[in-house]
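Next up, some structures in structure tokens.
What follows is chain A paired twice: with chain B in the first complex and chain C in the second.
After this line comes the complex of A and B, so read on.
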């Protein structure tokens, strides 16, 4: 007989938080990662080693709203819901469309994708270049951390046991003038885990680079982003010179260290990551999107 | 419903149950006194078992192993080299050693973790290349035939040049929707095995041997089968032995069902292959002679590999009349999962190889690949490479012309050239393949081994039942074979039915393999129906039988590899257009065309299902699906890691059928199931080659392979 498990499904966020304050629980938003992670053999239910707390139904965690130029996204918004929402930037929608297939997108959530902290997490490269901040809530109140500080290693995040990721904040994302690209390379066009992914962000004013950011997925334990390399390009005339491009690509060549696995090879991942970077840098015209 | 033109589509007989989700597959079944089985499998690739430790089992739990087998310890297929439960040597990771049975799966998994087997490990052979290096000891079987090597070497002496190429093909996994499953129902006087299967009598014969019992003590019933693709030809025999032996030993019904992970790592795959071509050309690039060496990775035991090799060799010259052709082939043993039947059965490897080689040779003649291939196309009356004869009309020229028009081939080539000059990132290309498939068993298999018999039963109220041992695994034979009988008897289709086959009720009409069911079994049914019509007595119960009659041609001799290898051939042409991303190596299919000649389609929509599914599977074999082993272990254990195509990877397939009725097929029909897969891989490879203006010597041409080739090109340019 299957063993009994304890599961909670409160009507409100504050009850959920006070339970979390008492007990370390496994949080289930959409469950699309948790269920796979704890899968048992055929005919046996998943074995989740902690009490389970369901948060997928909490409307407090599903709000999407604008505050000044920032976009706040409730962590339990499903991918399907975000695709329907007019506030969500096109680039993020394009990234979401590459995730799994409609059935999974109806369950999976943006907050779940972050807290799962997979090296190949599909929304992560974009969230990194958006400088996403995460609002964590507990009985003690709120705190805000940068996504790059929150995700520490594969499946390791800086969440205290009594906290819930409540909102994802994309600062200044509703400001006009930036151009964002996202490319996911998988073995097929749906239901695929990224072999490489790339996000690029650029803002140009007066033919000079105002702001530029890059993040790479599936080529290291977490997203690869380097503020130092990005800084070298600030204020440079656009389009970039061949020398500048070569030097940035060479810099990333030093820090991107992918691995061989059952999905692809290290050589492939690195080649493609650098190709996508060079292509982004080489593009001589950008329409803000 | 009465049938005028047999090709007019009708709703499939099992349509409603399937789309409503009501059809119970084997894993949905529960019977009284049923326990589950889980297999303990070898964790090592090659070694001798020294000791087996099984933990103390709770009440109601048992261990079943080699000592419980009443008969000899091998799965009866061709050779006696596949143990039911390995008890002396293990030859691959995942080989079954024993089975634990009991009520609760969770308890069984826990007990299995405590089983310990001590081995004396030996040095395994992990790869085909390692096996080729030790060919004298690693070869299971080999054949050689064709023009004498002395003649060929004389031709080579005078040739303008010799072109040598090596070509490799990878694994392919069936990914049937329903994983393998088998249930043995224990009764006092018989054991009834139900399961997902393609070959009822293969299983029955394996059970008669393993259980050493009488013919009426064991019975095999096919459950609804969610896809087979050859993966349920010989593999289910082993699972059937496991559950039947266990049921016999513990006197309970035993269920064994794999989850996807287990299915992917332990069941048979398409044989990885290596081809070596050596072709002599004259100054104009014309072929003077060609030698082909074929090496198939058989995996740990022989299984059906010798027959797979035969089909591989028989297709080694493709659809071409090559002057002075010689071929040789080996199946080699490696300490990896045994490879077996898979839609096409050795032919997809050969066609990928020969189409690739011909495409590359066309450069020496400075011709478009398709133009070059057309110079060598076989024509009616031409000899086959085994001194048989292509005696029926061949419509290939017409089919090619039609696709040249439909695809606007020449214009498109120019368009793509312009596009490719302008676009630095994306490159477009168009590729083609021309192919055939021999219908029915290779050589004299139908006459000497299968000897098919069919039976029709008519009830008092005029209903007719098909009593045959063939499986509907989704390909639609419940419908198509019923149509053949209804048409011949001039009955409404509703009055003809085809119950799930049960060996107690049906004669052996052969396995559901080798593109034989419609043509061979269908023809027997048509003849049986004709006989029944002649003898029809209203209000009486009647039975008629029909037995296989061999079409007398040039007799097949397996020793010399000469004669007519097949009674008939089906034909196909594919054109494929792709766009390749040179930054990532990602291939996007843009257009896919297929023209096919299968005699006469028994149902146009069912045929379209075969075309769309077969071609998607064949295309994916060429560029998408990738399976590898590392130290004898399959690396891709999930569907997402392996990557069969989704609906977002395939485009609508534009296909057309050419009628060419075949006298020995029902309503003129020939085989169709395997043909549709074969052209996919070579066409997609040649399209990628056209886009990138380069050549590949392997499939799948994955994004990784493409990037490696582009990087190499870049380095060469810099040098």
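After this line comes the complex of A and C, so read on.
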């Protein structure tokens, strides 16, 4: 007989949180990362080392709504659901469309992409430039953290075992006037894991840079973003001068340290990343979206 | 249907081993080949990645269920006419993905067809015949939008 497996599937989030408070469990949302990570083979259930708690059926974790200018996205919204939702910004939809294939997008969730904390997670560069905040819920109440503080290393996040990621909050994202892009370099098929990805955000007012942010994926253990470098560009006249662009690219050259792996080489990754940055800074026509 | 299988068992194993529905295939077992594609509440998903506990109470349709529909007849004819079937291993999954696409988008472009079947690997055909088959099914179909 197979060994005993404990798994929970409650009707409400409250009950789920109570259980998590009593016991350290493996949370399963869509399961597209968990099932691959613990795969055991034909006819054998995956070997998940802790009691399992299923959450992706909880309607409380699937709501998407606007509150003031902020967008709140339920962590268990699947990619497929987000693509259909008119509140989701176009740039985020573009990033989602590069993820895997329809069947994976029908199961995989935004919360799963964040909590899996892969250096190649395709929604992450954008979530960093949106200054996404994460609402973590437990029996003790809610706590809000910045995504850049939550994701600590590949597969390591700042979650207490009694917490669930309930919502992803994109502050002021529904405000007019910013231009946001996402670029991903990878192979175009179901195994489209990014070799390098890039997200950029810019807002111009009176021909000067009012706000600018950029982040890279898959070139380090977590997303690479530097608020210090971004600050150097605030208030600069737009379009940027060649000298300003060169100096920003040179700054990034210092901080990006990609690795070689089976998908790509460090040199290739760095070259592509810096080209994507230069291209973004050079664009003189921005479409607010 | 009910089962005594553990809640973390893969839906794929339940379908093939417990229910004996062997039209659904296992290729990679990790979400990359689409051979195990089925519908969960009418949405195309990979049964190798689904722990059965996660979908308690959901409606599942496999290729065997699809075979009873008008949509399947059209797809089946179109695949044969276009030479879209060689060894056949990928075909149940490919047909599920084709059906899902046509149900949502009865008149897909070439690019939309390729995107619709992008999660399904085929070692034999080089995909062009399959894309032709889906295009033909769309033409024959017009009908094909009503999914059971």
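Keep in mind that, in the parts below, the second predicted complex is superposed on the first by the 281 of 289 C-alpha atoms of A that agree within 3 Å, B and C clash if a C-alpha of one lies under 4 Å from a C-alpha of the other, contacts with A are read in each partner's own complex, and residues count from 1 in each chain.
Please note the rule applied: a contact is a pair of C-beta atoms (placed from the backbone, for glycine too) under 8 Å apart; a residue touches a chain by one contact, two chains touch by 3 or more.
The shown structure was predicted, so the numbers you read here are calculated from the model rather than taken from an experiment.
**Student:** Figure out whether A:187 sits in contact with chain B (first) or chain C (second), or with both, or with neither.
**Tutor:** first
**Student:** A:42 in the overlay: touching chain B, chain C, both, or neither? Say first, second, both or neither.
**Tutor:** A:42: touches chain B and chain C.
**Student:** With both complexes superposed on chain A, which partner does A:102 reach: first (chain B), second (chain C), both or neither?
**Tutor:** In the superposition, A:102 contacts chain C only.
**Student:** A:149 contacts which: chain B (first), chain C (second), both, neither?
**Tutor:** Touch partners of A:149: none, neither chain B nor chain C.
**Student:** Quick one: classify A:28 as touching chain B (first), chain C (second), both or neither.
**Tutor:** In the superposed model, A:28 contacts chain C only, not chain B.
**Student:** In the overlaid three-chain picture, which partner chain does A:262 touch, first (chain B) or second (chain C), both, or neither?
**Tutor:** Once the two structures are laid over each other on A, A:262 reaches chain B alone.
**Student:** For A:276, select first, second, both or neither according to whether it touches chain B, chain C, the two together, or no partner.
**Tutor:** After superposing on A, A:276 lies in contact with chain B but is clear of chain C.
**Student:** With the two complexes superposed on chain A, say which partner A:5 touches: chain B (first), chain C (second), both, or neither.
**Tutor:** In the superposition, A:5 touches chain C alone.
**Student:** Common interface residues of chain A with chain B and chain C?
**Tutor:** 2, 41-43, 101, 189-191
**Student:** Sort out for me which residues of chain A touch chain B in the complex.
**Tutor:** 1-2, 40-44, 101, 183, 185, 187-193, 195-196, 262-265, 267-268, 271-272, 275-276, 279
**Student:** For chain A, which residues are in contact with chain C within the complex?
**Tutor:** Against chain C, chain A makes touches at 2, 5, 7, 9, 28, 30-32, 35-36, 39, 41-43, 45-46, 48, 52, 54, 56-57, 80, 100-104, 106-107, 189-191.
**Student:** In their shared complex, at which residues does chain C touch chain A?
**Tutor:** Where chain C meets chain A, its residues are 5-10, 13, 17, 26, 29-34, 37, 40, 43-46, 48-51, 53-54, 56, 97, 100-101, 115-116, 118-121.
**Student:** Going by the contact rule set out above, which residues of chain B touch chain A in the complex?
**Tutor:** Interface residues on the chain B side: 36, 38, 104-106, 109, 257-259, 262, 425, 583-586, 624, 626, 628, 635-637, 639-641, 643-649, 702-704, 707-708, 711.
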